[in-house]
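We call the chains A, B, C, D and E, going by the order they appear; numbering starts again at 1 in every chain.
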Amino acid sequence: MIHPALFYSFSALTLLGALGAVAARHPMRAVLSLTVSLFGLSGLFVGLGAHFVAVIQILLYAGAILILFLFVVMLVESPETERMNIRNIWVKLLGIGFGAVLLRILWRVIGAGGEPPIAPHAVEGTVEAVGRELLTTYALPFEAASILLLVGIVGAIVLAKRKVT
Amino acid sequence: MMLGPVSWILLAPLIGAALLVCVPSEQVRWVRRIAATATGIPLLLALSLIFRYDPVAAGYQWVDRIPWIPSFGIDYHVGVDGISVVLVLLHAFCAFTGVLVSYRISQRVKEYAIFYLLLIGGGFGVFTSMDLFFFYLFYEMAVIPMFPLIGIWGSKKDRDYATMKLTLYLTAGAVMALIGLLTLYTLSPVKTFDLIALREAFLRQPLPPATQWFLFPFLLFGFGVIAPMWPFHSWSPLGHAAAPSAVSMLHAGVLMKLGSYAILRIALPLMPAGAVDWLPWVAGLACMNILYGGFVAMAQKDAKFVIGYSSSSHMGYVLLGIACLSAIGLNGAVLLMFAHGIMTALAFAAVGHVYDQTHTRILSDWGGLIRQVPFIGVAFAAAALASAGLPGFANFAAELLVFFGAWESYRWAAVAAVFGIVTTAFYMLRAVRTGFYGPLNPKWTGLKDATPFEKIPYLILITVLLVVGCWPQSLLTLIQSGTGPILEIIQQASVGVLP
Amino acid sequence: MVTPALLLFAPLAACAAIVGITRRSRPLSAGLAIGGMAVSLLCTVRLFLEFLNGHAHELQYSIPWITLPGLTLEFGFLINEAALLMSGVVTGVGLLIFIYSVGYMAEEEHRSRYFAYLSGFAFSMLGIVLANNLVTLFIFWELVGACSYLLIGYWYQKPSAAAAGKKAFLVNRIADFGFLLGILLLWSYSAGHGEAGTVNLLALQERLAHWAAAGQLDPTILGWIGVLLFCGVVGKSAQFPLHVWLPDAMEGPTPVSALIHAATMVAAGVYLLARIFFIVSAVPSTMELIAAIGGFTAIFAASLALVEPDIKRILAFSTLSQLGYMVMAMGLGAPVAAMFHLTTHAFFKALLFLGAGSVIHAVHGNDIWKMGGLLKKMPLTGWTFAVGTLALCGIFPFSGFFSKDEILLAAMEHNRFLWVIGTITAGMTAFYMGRLFFVAFLRPAASDSAQHAHESPAVMTGPLVVLALLSAAAGFFGIPAFLQGAHHAEHHGINWGVAGLSTAVAFAGLGLAGLIYLKGWRPAAGLLKKLESPGRWLSRKFFVDEIYGWINWNLQQGLARFLALFERWVIIGFMVNGTAKLTQLAGRAVRRLQTGQLQSYALSILVGLTLILLWGWRP
Amino acid sequence: MEIGLNHLLGVSALLLIIGLMGVICRRNIIMILLGLEIMLAAGNLAFVAFARANGNLAGQIMVFFVMIVAAAEVTVGLAIAVVLARKIRSVNADEMRQLKW
Amino acid sequence: MNPGFVIPTGWSALLPELALTGLIGLILIGDVLLKEEAGKILSGIAVAGLAAVGFLVAAQWDQPARTVLAGMFRMDMLAVFFKGIFTIAALTTVLIARQTPALIRRGLGEFYLLILTATLGMFLTASAGNLLMLFVALEMITISFYVMVSYHQEERSLEAGLKYLVLGSIASGLFLYGLAFLFGTTGTADLTEMAAVIQGGLTESPMLVLGLFLVLSSILFKSACVPFQLWAPDVYQGAPTPAVAFLSVGSKAAGFVVALRLLIELLLPLGGVWIPVVVFLSGATILAGNLGAIPQSNIKRLFGYSTIGHGGYLLIGIAAGSFLGTQAILFYLAAYAFTNLAAFLVITAFSKTTGSDEIRDYAGLSRRSPFLAAMFFLALLSLAGVPPLAGFFGKFLLILSAVDAGHGVLAGIGAIAVVISLYYYLMIVKTMYADEPADPSPVPVPTTLRIMLWICAAGMLGLGLIQKPLVNWAAAAAQTLF
């Protein structure tokens, strides 16, 4: 299992990064902060033996998605104009309050669940193992995912394109 | 599969409606002819059934049964017993005369006829269904067409409110009853909606009294809304007032009877112990109906409201008769359903005739009309006197039976009921006097009396009232063959409940 | 079976034929009606002869009308002496009045309708007479009420006529409320001791006799039954306090007043008492009540007649008063006397009304002060009227003398106080009749129309003459003896003391009237002054109508209006529309949740989830 | 001290809540989308942790699919953001309140 | 060891899906190649293709259930039943889209593509045998819908799209998180195996219950149920009509197939935990939807609320947790498909001519187009649950299932809500029939819509009067779960 020191440091990286991403004033900073968080997550993945996923995470998330974010941030370039109004404050306060309650519930459930025994024969998520599974057992979702991506692409094009004359 | 006459009674209006969909709306004559045929055939069939029904054999006759949804125990199962054969006849009379009265409608005739025929079909369905599912289905089918019928062809002033209230109120009652019906179905040892099978199952293995006590009000008040039981009656006078004449005729003549019919047909035999527990309360409510309706009718200025409240008052007698749980009371109640249906159809037809020309229903605006429209005046006076319980009209015989029945079962209620005929006389004669007697209002010198063709429905209705009034036993024998078994069940149950 | 059926249904057939066929032909309609009545009369005579020959004593025919488990109602006849007598009165007097009507209604437009109503009435009245059970009787009881309603309101365009018809029907309805309850109570009472309830008169009589013999009668219930049934009598025979409809009923055509509101229908109450005498007589207190009401009505109505100017209303009050006599007689346990008086009264009161009709026909007005001198102008009418007056006043040897004497005799025997009342009433009767006759017929003509009055046609005077003969001679027909067949108990000879006193009082009344209205004698001014305020009470009929109007307006109409308001605001406004409003409000509230703001929607998901976890699961 | 499953799940729970807070509290559409990404990442972490605990690969493969889904979702979301920015010159979610009640 | 790539057997079970994928390709290529007249040809292709797919689906009826592709794909009656509904909905949506001018301007090809991808997603959802498959398939639906909803590119449409996207993604995130717990506690992602584990007695695990509630929440979101219903009215109002039609029928049905698969098939042993919650939420949903619809003036928004109500009714069947409840849901969904599609066909035809979705503009429709008005009348009555229309029997079965399961109060709420819904539906009827039209010009109905409307009317009346076939089909489909 993952070493406690590694766990705590990667967890801290992940959580702080996420917190930073959520709290950052400027979207640009948020995106960068999220990158940090995702790196931390990858670290956790590696620690859990999910090597392939960790790599993909860096490549796909940090490499592609966050770049996309950055493009858009720069494209729209709108500084956050968050005017304060009463409803907003209420929403925020209630959000934080209920978030805390929810967290508490999750916490208890997770704690109450005890520690299920970590499988002795921990499977290593190597590229080969994951790849074989993907193309055999999970061939159908894999194909479906390709269509999903097609939807994403078509969707983005359809939405972003200017009016057809 | 060959269908019997009962199915054809039920199908004729529906087929008529389907045919009308295909007729171009400009062909008003054909529309009317089809409507008249589609209601005339049931009338002839119903008359033949009345003569051919065998009261000695009793039970359901001319039964048609087609398995419909076997997995839920739902069958298309129709037939008539002594009660329903009489009410089918009532409905057929009202429907047919209603079509004749509707010849005055000139606007959007085709749509009117379609909705009207659907309503008719629903009514026949309720009276002939032996399956609770179809019973409910037809029940709603009889209620919903009222919405457009009143909403489009009603009198402008209050039709929007009236029709919405009516539809919602009746539907609310219906769904309440539906819950009761479904609970009965789930509680029954046989999973079927067949009334006969349920009845027998509950006879062999009755529901616990507490369950019956809990369930009975669902059916009682659910169907009681349309009966209309006090204090759920307020949809009805307004509905009458806003509706076009033929619809008022059907509404008061037939639709209101669906409720008491349903209580009699479903609630009593399936939950006899519940009935024994609850019916004294019904007797109380029925008295409220009678007296309250009567007094409110006294304060009305609008002719249709007078008749409307009078209807709710008179339906109190029907409820009281049912509440008696005795042969006299039940038979009286069914006979009164018939008599009141015919009488109120007559009254609404007459008022409608005047309203269509004067465009006011305020009695004091009429004045002395009998001089100008003697035939209509006489028809209205006949209806008023019949309503006031004048012997010779069927209403008297029926109300008399209710009095006798109530006197046996609830003496205080009988006193109230008898007092009810005093109030009836009060407002009915007032209506006649204000609207038809006295000097003729010079505004109405142009009013036209009924043409010979238009007289036909009135003559039919008056004749029926008189024939049944002089010879009530003609129908009572049939009715008795239908109420007898119900009463037996009740008696068995009360033996079971009471030490 | 055939004869009584024909007797009953001949007028109905005439009525139906008039409505269905001869509506447009006035002479044919009249002919049909008279023919129907004549057939009935012939049938009555035939039955009468059978009775006289002793072929029959009591005849009963019936067919089932309604047969249900627990209730059997039949439609049938019970013919006995009283029924035959009554039937004879109805058909005989009726036939005369029908004939008279041909003349009286000659100018009327819708005469066919009139004759249809009259025939219908005759049918209904005969139904009462012949009915063998109380339900059948009640049916016809209601039908005569309806015919009376239609005939009073015959001139429906006159608001007063329309109102009077309605009033008559309603007052009777109130009375019938009690009557019907009485029938119901009697029915359920008769069901005791293992027998099914019945409303058949003979069966009841037998049963009660049997129970009485066994000492099983319950006087309380029986008393109630008697009182409730008597309610019907009070209504139909216009006894105090339900007398108010009869004076107003004079709005109808005069022959109608004669037939219905003098000779037959109003007497039906007395006849009913005769039929159910075995029930009411079982409880003494009931009898006392009946006698008291009758006696009070007699003097009360007579006092009202003293100051009334309308000729028909005077006669109407007189009818009330005489009906009071009859009811009192019943209460005193003298049914024969009552029925006797009923018969003679039918003759002379019909005569008086027809005479009055003849006068009204001639002078076109009802006010006696606008008449005068008519005896010369209309001798036949005048002399027959005089006969009627004398009969009514109870002057020997006119019929009224005999019958009234029987009643006073019964009172003398049973209740001295009522005897005094009866005797005073006799005096008052003589006074107001004298006043009427002297003012209308003997004083000089007081108006142009009276000046130019002409005798009525023969078709009207003919019946007058026949009736005058009957009024004069009916006392010698041996009616009580005939009735005795039914009631074997009583017969007394003429008690000359009682008869003499009442005759003397009658003469005194006539004399006083003559003094005042013919000779112009004015008692001292002081006395007149003192009489003024009771006079006002009298002319306003003791404000009974006003009291009823107040009750009607404040209690009944007030309740109606209150309930209408309750309906409008509480039931509809609060309960129904309130529910609808509440639903709509709820709809608006739900809609308000939809702020349109994305974040609050997101928050709702969080909150929703949290609450589901918290309350739905409680981890 | 041994790191157990519950530690990992704890982190994922925190991550989930942080993401949710981002969605709820921020009004810049891009920030909201970032929050959504964090929520998905929380799910990923949980899956991987469970995969480890259960000793099968399905959890890891799920992460792969989630990333594809996230990519498609973000693409569409960002496309909408871009068009919106073009139309109403703002990516503030508060500006969009035409549809309500 | 498997040497690399293995073609799994049993692809024949996927014939409809394969055909659909082929159709997607065809449309994609067609859209690129055909520029002029693309709409008509593509719609022809799409309709024909969907009809073919429908035949393939129908051909699978009564075939023995199979699980193929390593447990990813389950071909059983329930799936086939739902696929039938999806196909009908997709087909109608294609036709509706062709009559929506705003869409035609934006290009129909891509829209068809999205309809088809969403349909494919629905098909896979119905057949998913594995959590992974289920997740991907569901996302396929939702992401297609995100695009469809914002397709108009006008402000409201974008707003609707954004709202749907953000909220839907939250739900997806929760769903994913919940799936993780289901996966973690059962130790497998295969639904059949999971069911076996849970039936083996895992009910006590709090983590499983947490997973259950998270999954339940996102199912509730998908079917627009309280407390996750807020998106529906906004999205319905802002989105293009065909998207709404498809959303209301297809997406809702997809939500319920997931509910049936997860809650009934998988988690029924935990019924004691979730059934009370669903009972409560079902009642709340019915009330919220029907009450909120009362004050609405925009027809599409009204349908947004009314669809919430219908979701609540469908939840009754879930709450019943019984065979009867499942059967009722299936019947209701089929009936609802015909009914709601008929309504949206009318809305499309009406707004094509008048360009309005406001209820007050429907005044006098019975004179402008008696046919449309009559069809709308039928559809509204069926929605309200009035016999003898299909919607009635659906509600009848649902309420029966509630009564049968002992949820009397829920049945009562369902019954009362019929009355409430009747109110606002009848208000529309009143507007159409009794009010005077501001503009009396006739409203033409395109032939395709007319044909579809006749079909829907036949469906509403046919299912309402002759219920037996569908009841039996639903029973056969429900049988797979029990």
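The criterion applied here is as follows: contacts are C-beta pairs under 8 Å (C-beta built on N, C-alpha and C of every residue); 3 or more make two chains touch, one makes a residue touch a chain.
What you see is a predicted model; the values in this text were computed from it and never measured.
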(message) Under the stated touch rule, with chain E ignored, which chains end up grouped together?
(response) one piece
(message) For chain B and chain C, which third chains touch each of them?
(response) E
(request) Would you kindly say which chain has the C-alpha centre located farthest from the C-alpha centre of chain B? (result) A
(message) Quick check: which two chains are joined by the most contacting C-beta pairs?
(response) A-D
(message) Mean of the CA atoms for each chain, then the mean for all of them together: which chain is nearest?
(response) B
(request) Report back the single chain whose CA centre is most distant from the CA centre of chain E. (result) C
(request) Please report how many Å separate the Cα centroid of chain D from that of chain E, as a whole number. (result) 26
(message) Can you compute the centre-to-centre distance for chain C and chain E, using the mean CA position of each chain? Integer Å is fine.
(response) 77
(request) Could you give the separation in Å between the centres of chain B and chain D, each centre being the mean of its C-alpha atoms? (result) 64
(request) Could you tell me the distance, in whole angstrom, between the mean C-alpha positions of chain A and chain C? (result) 101
(message) Which positions in chain A are in touch with at least two other chains?
(response) 88, 91, 95, 99, 102, 105-106, 108-110, 112-113, 116, 138, 141, 145, 148, 151-152, 155, 159
(message) Please output the residue numbers of chain C that touch at least 2 other chains, ranges allowed.
(response) 591, 594-599, 602-603, 606-607, 609, 613, 619
(message) Run through the chains and report each pair that touches.
(response) A-C, A-D, A-E, B-C, B-E, C-D, C-E, D-E
(request) Using the touch definition up top, name the residues of chain C that touch chain D in the complex. (result) 591-592, 594-599, 602-603, 606
(message) For a test of understanding, state which residues of chain A touch chain C in their complex under the given definition.
(response) 87-88, 91, 94-95, 98-99, 101-102, 105, 108-109, 112
(request) Enumerate the contact residues on chain E facing chain D in the complex. (result) 130-132, 135-136, 139, 143, 146-147, 150, 153-156, 158-163, 165-166, 169-170, 172-174, 176-177, 179-181, 183-184, 187-189, 233-235, 237-238, 295, 301
(request) Under the touch definition given earlier, write down the residues of chain E that touch chain C in their complex. (result) 162-163, 166-167, 170-171, 174, 206, 209-210, 213-214, 216-217, 221, 226-228, 230-231, 233-234, 273-274, 276-277, 280-281, 287-288, 291-296, 420, 423
(request) Within their complex, state which residues of chain E touch chain A. (result) 2, 4-6, 8, 14, 21, 24, 28, 69-73, 105-107, 110, 113-114, 117, 120-121, 124, 130, 132-133, 136-137, 139-140, 143-144, 146-147, 150-151, 153, 184-185, 205-207, 209-210
